[in-house]
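Got some structures for you, see below.
Two complexes follow with chain A in common, the first pairing it with chain B and the second with chain C.
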Partner chain A sequence: MKTRHVLLLSLLAALLLLPLVEAEARIYILQIFIFLFLNIVLAQSYDIVDGAMGYLNLGHICFFALGAYSFGILYNAGLAFPLALGLAVAVVVGFAGAISYPFFRLRGAYFALATFGLVKLMEHITINLGWLTGGSNGLKIDPADRSMPVYYISLAVVVAVILLSWRVSRSRLGLAMNAIREDEEVARDFGVPASRVKAQALMISAVFPGMIGAVYTWNVNFIDPNQVYGLKIALTPIAMALLGGSGLLVGPVIGAVFLYLAEELLWTHLAHLQGAIMGLVIVLVGLFMPGGLARLKGVAGLLGWVGWLEEER
Partner chain B sequence: MDTTILVQLVINGILLGGVYALAAIGLSLIFGVSGVLNLAHGEFLMLSGFLVFVLHDTFQWDPFLLVALVAPLFFLVGYAFEKALIRPLAARKEHVRLASAVLVTLGAALIAEDFAAFFSQDVQFEKSVDLFLPTLVIGELYLPSLKLVVFFLVMLLILALFLFLKFTFLGLAVQAVTQNRQGAMLNGINTTRINAIAFGIGTMLAAAAGGFEVIHSYVAPNIGLPLTMKYLCVIVMGGLGSFVGVALGGIIIGLGESIVGFFHPAWGQTVAYLLLVGVLLIRPKGLLGT
Partner chain C sequence: MVPILSAQNVSKHFRGLEALSGVDFQVAEGSITSVIGPNGAGKTTLFNVIAGNQAPNGGQIRFRERVISGLAPNSICRLGIARTYQNVRPFLGLSVWNNVKVALLFGRREPLPSAREDAEIESVLEFAQLTAHPARKAETLTPLERKRLEIARALATDPEVMLLDEIVAGLSPAEALQMMETIRVLNGRGITILLIEHVMKAVMGLSSHIIVLHHGVKIAEGAPKDIARDQEVIRAYLGDAGEEG
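Now for the complex of A and B:
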């Protein structure tokens, strides 16, 4: 076995064993990890469309929110957990397929704009369809502490999203996506079926936020539009992906871990101006680190030593 | 249905759409020149509204006079904003520049919102200037004079901008950069400076709109980003680079909100986003875009 296998497997083993440790604040620790996993999944799946294909999808959170709501509604209708989860993911992927045609007629800033508008549109629709979603009062499912299963499912989704990103990056589809990022016209001229590729990429990037959205509802037992469509949750994963290093396989993971831990450990303890500090961090990321943390010299060297992780999408 | 109500709704919608159009034209100008999606645009509107409110509260000066004083100040703010935060990104690759500009302006928006909330103690604390003008009644129609005055001033500002772009050297340079950056550069236009000037003008228009908002309705710390998104809807609908299109987009959204809001209050605010997606389905480049 190579070094990288040993390292990755021991990290995975540690994460698998973590919930078995008896500790006073076990549920609190599990919840911290569950939200870390949530952020990793959102950032990593976001970067499938941005990093690999060059489209800035500011509405990525719609997939998460739609997954959360579909699951909540289906679960309340009496469906078993796996069935509700599967159907919720199907709804999200269907939605991604449906919006891909109108939205991918747009390029660059237009696309970013329109997807940003989509978040608000979905939020308003969710609020207004009160008979289905509970409107602004939110949606409840029968409350229970499900930290243990949620932890393992979230971890599985994290592993799945990373493996699939890697798989896609080495496939024909990944190559076609890269070609579109570099120059869509040229890609078309060389026979890349751009519309189909873009639709596939969007649908792949929708699977995991849909899944983790369903798990989120199952975990917190209560969701409302402000919570799942809010600007903070909509934009933090994007900041994470870009902070870590968009276009690198492990970039969004690093960004998510870094930003989430910084927030959890440092400024949630402040009484005021938490949002301003978050904003300042985002500004600094935009100004100084276009390549992201993973492309910094020291970090890149370390990743190169482990191997595999530093691969481009 | 009753025609009077319909006419009344149309008038309300146009009056509402005018202010949307003003701020959206500012945003469209910035995007046209620099290619940057300025997500902090609504924050300048909010900050200017607060400034007008505070000054009015302290000195009791006429709010319209205060708008005339505050708006030029925001030209400098916009100019400095471009210089400090947008210019450093200029050399990056197209797609990276778009992403970093989104990050930078978004971060700035979060900072502005949080500081405004901090100083006014509450995110949803609404501030408005107390100014009362009698309502004009013509037949069965009610015309709020305050909104009429604001609408008149908005039109005046849009006309002034139009004349500036059409008849001054600087205005022509701004248009040239919008149309073809390289070409403008080859003709000796300092495109870097034009970028900053466009940001200044755009921000000034947002600040004027902010002053008007605080006069005829209200401002609150958390209105910035939602408003920015609404303006983005307006300019995408109208077509980027077309001022007539943007003005039209503003009026259409104002009309939509007024009419739909009357019959189904809950759906009123949804109209902008529905229209956005609807228009994009039919015309990806907006109503009057080329």
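Now for the complex of A and C:
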């Protein structure tokens, strides 16, 4: 077996065994990992559209929030967990397909700005559909501690999103997305059906945030618009993907782990500044480290040595 | 015989500017046909209209009997019309191999069985003399190599017609001769060539038929030797002796 497989499997084994360790603060520790997984899923799925295709989808969090709300509503209507989860994902993917046509007529900064506006729009719609969503009072589901199943499901979603990103990056669709990133007009001239490819990419990138949004509601038992559509949660995955190294499979994971740890360790007292800090991270990375952490010489060397740095195309 | 490519009364204007007005032409299958004309004559606009990048305001483009004006560029490419760009436009961040692979996977009428993809990419790269470093990113290529990549990418779509936009211009005399030979070989493979070119030596040496555009109007067409003697063409290029006085 290759080094990278050994490393990956031991890491996975450790994560699988973690909840079985008896500890006083077990639930607290599980929750820390659950939120780390959440961040990895959001950052990694965000990068399917940005890193591979070059479109900055600042509204990526809408998929998460819509998944969270759809699940909550369906679950409260009496649907079983797996069914509510599946339907919530279907709603999110349908939504991604529906917005892809109008939004992908825009490019560059216009696309980024429009998708950013979508977050606010969705937040207001959620607030104003009080009969369905509970409006600004939020949405409750029957409360319970579900840390254990949530932990394992979240871990499974992390594995799934990484595997899928990897599959896409090596597929025909992935190559079409890369061509669009490089020059969309030329891609079209050489037969790439760009509109269809972009819609497919957006729908793929929506699956996992939708899923993890549903799991989020199941975990925290209560959501409100400010929480799931907030500036902080909207910008964090993007900051993570860019900081870690957009376009590389390991980039978003590295960024998520790094930023999440930094946040947990250092910034607990700066709650109100976090949105601003994430914005600052995005700007600073863009200015001084456009390749992200994973492309720094030392880090890239280490990643290459363990075999986690894929060839770029 | 039905021409492989033809235009009927094609017009294209940008606001007030008439880039093409009422242009008619026919390209015979298997020919090398050139489009010449001074700067701003509408040559590249004509290519853009044929390739589907811009819809004409009037008139029709036909590929054999089929009207193609109004189709999307990706559909036109799949029908068998591939192009190169005046200012080369490789996918800079992709490897040479993947530049060709995009065209091969998406630009062909009928997809190649996946077992034959790699061999086909190799043969296209070999034709374009780009086999040395297929994993190199296109941004590391020299200008000449980039021109060859344009050819390779177009060839990978297995086209019936190639639109070559100033592929010889900017090359050294030796390179230009080589490129002309490449064009001849492509033509020899049965690909009809439509050429925009400023380098007269290439135009005269290669073409069997020449179309002359001036201010968006076709002012002449015919065999190279007739075009070289055509008074109106000479006036368009050199201006009136009277005006200059």
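In this text, the second predicted complex is superposed on the first by the 292 of 313 C-alpha atoms of A that agree within 3 Å, B and C clash if a C-alpha of one lies under 4 Å from a C-alpha of the other, contacts with A are read in each partner's own complex, and residues count from 1 in each chain.
Here, a contact is a pair of C-beta atoms (placed from the backbone, for glycine too) under 8 Å apart; a residue touches a chain by one contact, two chains touch by 3 or more.
Nothing here was measured: the structure is a model prediction, and the numbers come from that model.
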| item | value |
| --- | --- |
| When both partners are placed on the shared chain, which of chain B and chain C touches more of chain A | B |
| Which of chain B and chain C A:304 touches, first, second, both or neither | neither |
| Partner chain in contact with A:181 - chain B first, chain C second, else both or neither | both |
| First (chain B), second (chain C), both or neither touched by A:149 | neither |
| Which superposed partner A:246 touches (first chain B, second chain C, both, neither) | first |
| A:172 touches, of chain B and chain C: first, second, both or neither? | second |
| Touched partner set for A:194, first chain B, second chain C, both or neither | second |
| On chain A, positions contacted by chain B and by chain C | 181 |
| Complex interface listing, chain A residues touching chain B | 50, 54, 56, 58, 102-103, 105-106, 108-110, 112-114, 116-118, 120-121, 124-125, 127-128, 181, 231, 235, 238-239, 242, 246, 272-276, 278-287, 290 |
| Touching residues on chain B, where the partner in the complex is chain A | 31, 35, 37, 85, 88-89, 92, 94-96, 98-104, 106-115, 117-118, 225-226, 229, 232-233, 236, 240, 266-267, 269-270, 272-274, 276-277, 280-281, 284 |
| Residues of chain C touching chain A in the complex | 51, 53, 72-74, 77-78, 82-83, 85, 89, 91-95, 98, 101-103, 105-108, 135, 153, 157 |
| Residue ranges of chain A touching chain C (in the complex, touch as defined) | 172, 175-176, 178-179, 181-183, 185-194, 311-313 |
